[in-house]
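Quick one: the structure is below, questions incoming.
Naming follows writing order (A, B, C and D), and every chain is counted from residue 1.
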Amino acid sequence: MSTPASLSMLPPVDAAPGIRVYNQKLGMWVFLLSEIMFFTSLIGSYIILRSAHPEAYPTPGSVLNIPLTAFNTFVLICSSVTMVKAFAAAEVRDARGIRVWLLATIGLGAFFLGVQAFEYWKLLGHGFGPSVAGYTAAGGPLYGSTFYTMTGFHGAHVFLGVVALCFTLFRATRGAYDHGDYGGIEVMGLYWHFVDLVWIILFTIVYLM
Amino acid sequence: MAIDPNVGANLHSPDMPADATHELGAAHPKPRYMFIFGVLAVLTMAEVGVAYLGLPQRILVITLVFMAMWKAGLVAMYYMHLRFEPRNLIFLVIAPLPLAFVLVLAVLTEF
Amino acid sequence: MTTAVVTGPGGAVQHPVHHDEPSFVRKYIFSTDHKVIGIQFLFMSLLFLVIGGALAMLMRYQLAWPGEPLPMGLGETRAPGGIILPEFYNSLVTMHGTIMVFFAIMPLLVGVFANYLIPLQIGAPDMAFPRINMLSFWLAVPAGILIVASFFVIGGAAGAGWTAYAPLSAVSEYSGVQAGQNLWNISLIILGFSSILGALNYITTVINMRAPGMTWFRMPLPVWALFITAILILLAVPVLTGALIMLLFDNVLGTTFFLPASGGEPLLWQHLFWFFGHPEVYILILPAMGFVSEIIANGSRKPVFGYPAMVIAIASIAILGWLVWGHHMFQSGMNPMLGSIFMGTTMVIAVPSAIKVFNWLATMWKGDLHFHVPMLHAISFVALFVVGGLSGVFLASTPVDIYLHDTYFVVAHLHYVLFGGSLFGIFAAITYWYPKMFGRMMNETVNRIHWLLTFIGFNAVFFPMHMLGSAGMMRRLYDYTEYPHLEPLQETNIFMTWAAFALFAAQLLFAVNFIWCLFRGRRADPNPWNANSLEWTTPSPPPHGNFPATPVVHRGPYEYSSPDVADRDWYPQDELPRVVGAPAHAAETEVRR
Amino acid sequence: MNFWTLPESFSTFGDDIDAIFLTITWVTVAIFFIVEVALVWFIVKYRHREGQRALHIHGSMRAELIWTAVPFLIVMMIAVQSAGVWFDARFPGRIPENAYEIAVRAKQFEWTATYPGADDELGTEDDFTSRNVIHLPADTPVVVHLTAEDVIHSFFVPELRVKQDAVPGMAQRIWFEMTEPGEYVLGCAELCGLGHYRMKGRIMAYTNDDFMRWDLEQRRPAVAVAGTASTEAGGAP
């Protein structure tokens, strides 16, 4: 492109539009917006069904194991800290820190899933299942349907997160992320924290109320 | 490109080494992750405590929702460092919240 | 002036890498080039348009001659002896609606044109996430395969309407449909994921990848429309996904979200569906509005009248669109107070639509109208969308909707907005950007005949539906002659059916023209319509990476007939401003590069 | 048969509904002509001719304001008029006190009406029922308690301007008052499965006296075989 001399007299073009957020991060945030709406439809349905049929919902503690899940919540919060620590390590180009904290996050995430699986197993044994058939626990089958769908989809998100974290760790062992290219970790972290955030809300609504 | 050496740079910028500036660097104080963690842990314990207090349902719900929002806010603000992002991004992120609110509220009046 | 240098961490977007001659598979099948993906979507969704149309023909046959055997067999479980069974008719309606909405119109508008146009019109080399873009297409394919496959499973395809109201859709004993409903659910869940991935790509691209000088208010209106549509998709589709998952679980896991027998709420499904569904119908019209704005300005050789108002109108339609979903549920047993509120919001939404219609008219006013084929379709869009919008006002009035709800009046409304609106917008867009996509021109004469036949045929099929609706004919009715008071409507229905056959046949012209010209069409110039936006500054079809050098934008996209350029009536966005007094030099005006 | 207007209305608020229908028709037909005439006029007047150059103009604030405000006022007018009739037709508080109450239950693919019987109360021993034919008094407000057994159906009586979905798990209450005795078609307006198209019934409206006589007739057998008798009363469907 040739540039005539007259150009300098022209009003400047507004160079490089955009917001000061790199694509991957922006993309992940945008994706999380759709996740917000996804969980709105699930959690919203929970709230609505519950308020329509309070009789189907006994006090949570009578069916669910609150102390166990409170502990599990704590685990997930810990995993958020380790995740953010991995990010902090990436920022200061601490290769070892990245790997250690990522590994810790994976461990905590997997542990969370293990506890959830254990909880499901116990509950199923007590006649608290997702389907109408065979539901014998307190409350009504609506309780089981909503409970397993909410927590199950959250669990699926954790599971995908753990898989993605393993992939991130694999790349970290190959020397990624510690040359100022911390983006991958930051984006991974956004997803992971979001999943944590959803759990905070789910835990409150499903277990404590 | 004679106009401005940086014209169009943002198209490819994610490939540039992150030396120059970055959002969390010197410009902002590092969030104190461990401190936030402490708050989250305490709030979780407090939530469980409140749940066992045997408060009337309405007060219980309000308290718990408030605490959950607080926790969620902490995670979003600090761990997802929304606080340190450009204003545009924050607007973008809170955009769907009113929609979620409208959906749940409108349908709630139904049942 | 400071430049926003965003130094992001690496490992990210690829430069428009110039491979040395990638393999056929990488180039045309698993391509990450937004143009190839757009064209893949084009072929796929045109195929589905034909399928959806063919299903409509079967429906029309039954509606004209209820209970008479078809000239061909369709299998004993569907149409023994050629006579369409009621359950098969229900599947036809359901799949026609589903395929048209989700697999034809939505991908045509968004999958094709958001992919193809956004990077080209904002001056970017590709999408922000080319590989996610590819994934988006390759998720749509299995979704399409599943939906077609559902015709061939035991129990037939889903038959609860495209709105799949529970409990009919949730209990197979009620509908007689077995695996079909589940395949429908799974297919739409997958397709939803595909749409969301697409949307996040479009949004990021528009926000972050605009060429220098491409400010928000210099963006062509199709980009605006597609950007806002992408936001709607991003936020609406996941709600449907959530609802679909619950419906699927009700079907296969024995949960009870929508089943009143064990504590569920059927109306919850409707709320969730329409909370998605109404934004969805705007997803199906806004991009078409964008294309039409572009094409009317081009055909009128005149700037879009009230560009900022057009943008604000799109945005307010998008915002208001979230607050009106209840107008589909006026007679559902929803709280009547809530109904009144929804009536109010629904009425208000006519206002931004009015702004758009009048601005299109004002754009043509004192223009220099060139009736090229895209322009013909665009003008038809305006003429027909108005009819569909105005019939929407009848439906929006709660008491009138008592009578009109679930009658053919609704069917008339939805075809006027979806066919008269969206599909005419798509015809306009395809004929307009075809030269850019394939480097060849479509045959103008054939296209004109196609337009004329489609315009007439469309009105002949769908205008009488208003009358059927006013006469009280319910929709989704296998055999209306069961009702004595509807029997006299058969003649009208026969007329409509013949018109529908003619309409379908007329589309063959388009299909043949489309395919023939892929190979035999006249070679297209880079800028056959003398248009301003950036895609016309690069060769037809554009090379990999789109622009030989990053374009720099100096003005809005609709500077037609500008007094600054006396020698022609267009003024490309990236052309250097002509300095006042300097002679307009021929060399400068040529399309560069 | 006149397609352009709705069939004649035989219910009290039916005429109000038709009035709004008419208003909207006039308004929209007028807007339709304004838009289409302008369109055709511009097409003819500004078609390309040698040497013609379009006016280079970007818009007009005043014009935008006008075509924002005027449609807004029009639709608000329609909304207000509609809301009034909607209130009358649907608000629980507007249901007349002295109405004759029956229950209608929809199931795949038939309508069952339950009448209160001698004690004028629904849900008691002496209720009796009829299938697909609903007998009602004209000139008396009628309240229908509408429920569904399996899937969603919709109680649609075109000539009475009545339509209400019957949703399983929900109890709807609708009312109407017929202005003339006669026979009115009842249809199902919500897709409810393969028999949706033949889920039809009739409403037989009598003068008050005739209805009373019919009602008394039904009560007698109802004592003997409560609930199932009288199905074919008033003619087989």
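By definition in this document, a contact is a pair of C-beta atoms (placed from the backbone, for glycine too) under 8 Å apart; a residue touches a chain by one contact, two chains touch by 3 or more.
On a predicted model such as this, the values are computed, not experimentally measured, just so you know.
Asks: Count the C-beta contact pairs for A-B and for C-D, then tell me which is higher.
Replies: Per the contact counts, C-D leads.
Asks: Counting only Cα atoms for the centres, state how far subunit A is from subunit B in Å.
Replies: Their C-alpha centroids are separated by 13 Å.
Asks: Measuring centre to centre with CA averages, how many angstrom lie between subunit C and subunit D?
Replies: 33
Asks: So the centre of each chain is just the mean of its C-alpha atoms; given that, what is the distance between subunit A and subunit D in Å?
Replies: Those two chain centres are 48 Å apart.
Asks: Taking the mean of the C-alpha atoms as each chain's centre, how many Å separate subunit B from subunit C?
Replies: It comes to 34 Å between the two C-alpha centres.
Asks: Quick check on subunit C: which residues sit in contact with 2+ other chains?
Replies: Within subunit C, residues 1, 3-10, 12-13, 208-209, 212, 235, 239, 264-265, 267-268, 549, 552 contact more than one other chain.
Asks: Two or more other chains touching the same residue: where does that happen in subunit A?
Replies: Correct list: 1, 7, 12-13, 15-24, 26, 30, 33, 37, 40-41, 48, 52, 179-183.
Asks: List, in ascending order, every residue of subunit D touching at least 2 other chains.
Replies: Counting only residues that touch two or more other chains, subunit D contributes none.
Asks: Would you mind giving me the full set of chain pairs in touch?
Replies: Every pair of chains in contact is listed here: A-B, A-C, B-C, C-D.
Asks: How about subunit D: which of its residues touch subunit C in the complex?
Replies: Its residues touching subunit C are 1, 3-7, 13, 16-17, 20-21, 24-25, 27-28, 31-32, 35-36, 38-39, 42-43, 46-48, 52-60, 63-64, 67-68, 71-72, 75-76, 78-79, 82-83, 85-87, 89-92, 108, 150-152, 154, 156, 158, 161-165, 167-170, 172, 185, 187-198, 200.
Asks: For the complex, give me every residue of subunit A touching subunit B.
Replies: Within the complex, subunit A touches subunit B at residues 1, 3, 7, 12-13, 15-24, 26, 29-30, 32-33, 36-37, 40-41, 44, 47-48, 51-52, 60-61, 66-67, 70, 73-74, 77-78, 80-81, 83-85, 88, 91, 179-183, 189-190, 193-194, 196-197, 200-201, 203-205, 207-209.
Asks: Looking at the complex, which residues from subunit B come into contact with subunit C?
Replies: By the definition above, subunit B touches subunit C via 1, 3-4, 6-22, 95-96, 99, 102-103, 106-107, 109-111.
Asks: Can you list the subunit A residues touching subunit C in their complex?
Replies: Residues 1, 4, 6-7, 9-10, 12-27, 30-31, 33-35, 37-42, 45, 48-49, 52-53, 56, 130-133, 140-142, 144-146, 148-149, 153, 176-177, 179-184, 186 of subunit A touch subunit C in their complex.
Asks: If you look only at subunit C, which of its residues touch subunit B in the complex?
Replies: 1, 3-10, 12-13, 15, 124-125, 208-209, 211-212, 231, 235, 239, 265, 267-268, 271, 275, 322-323, 326, 334-335, 338, 549-550, 552
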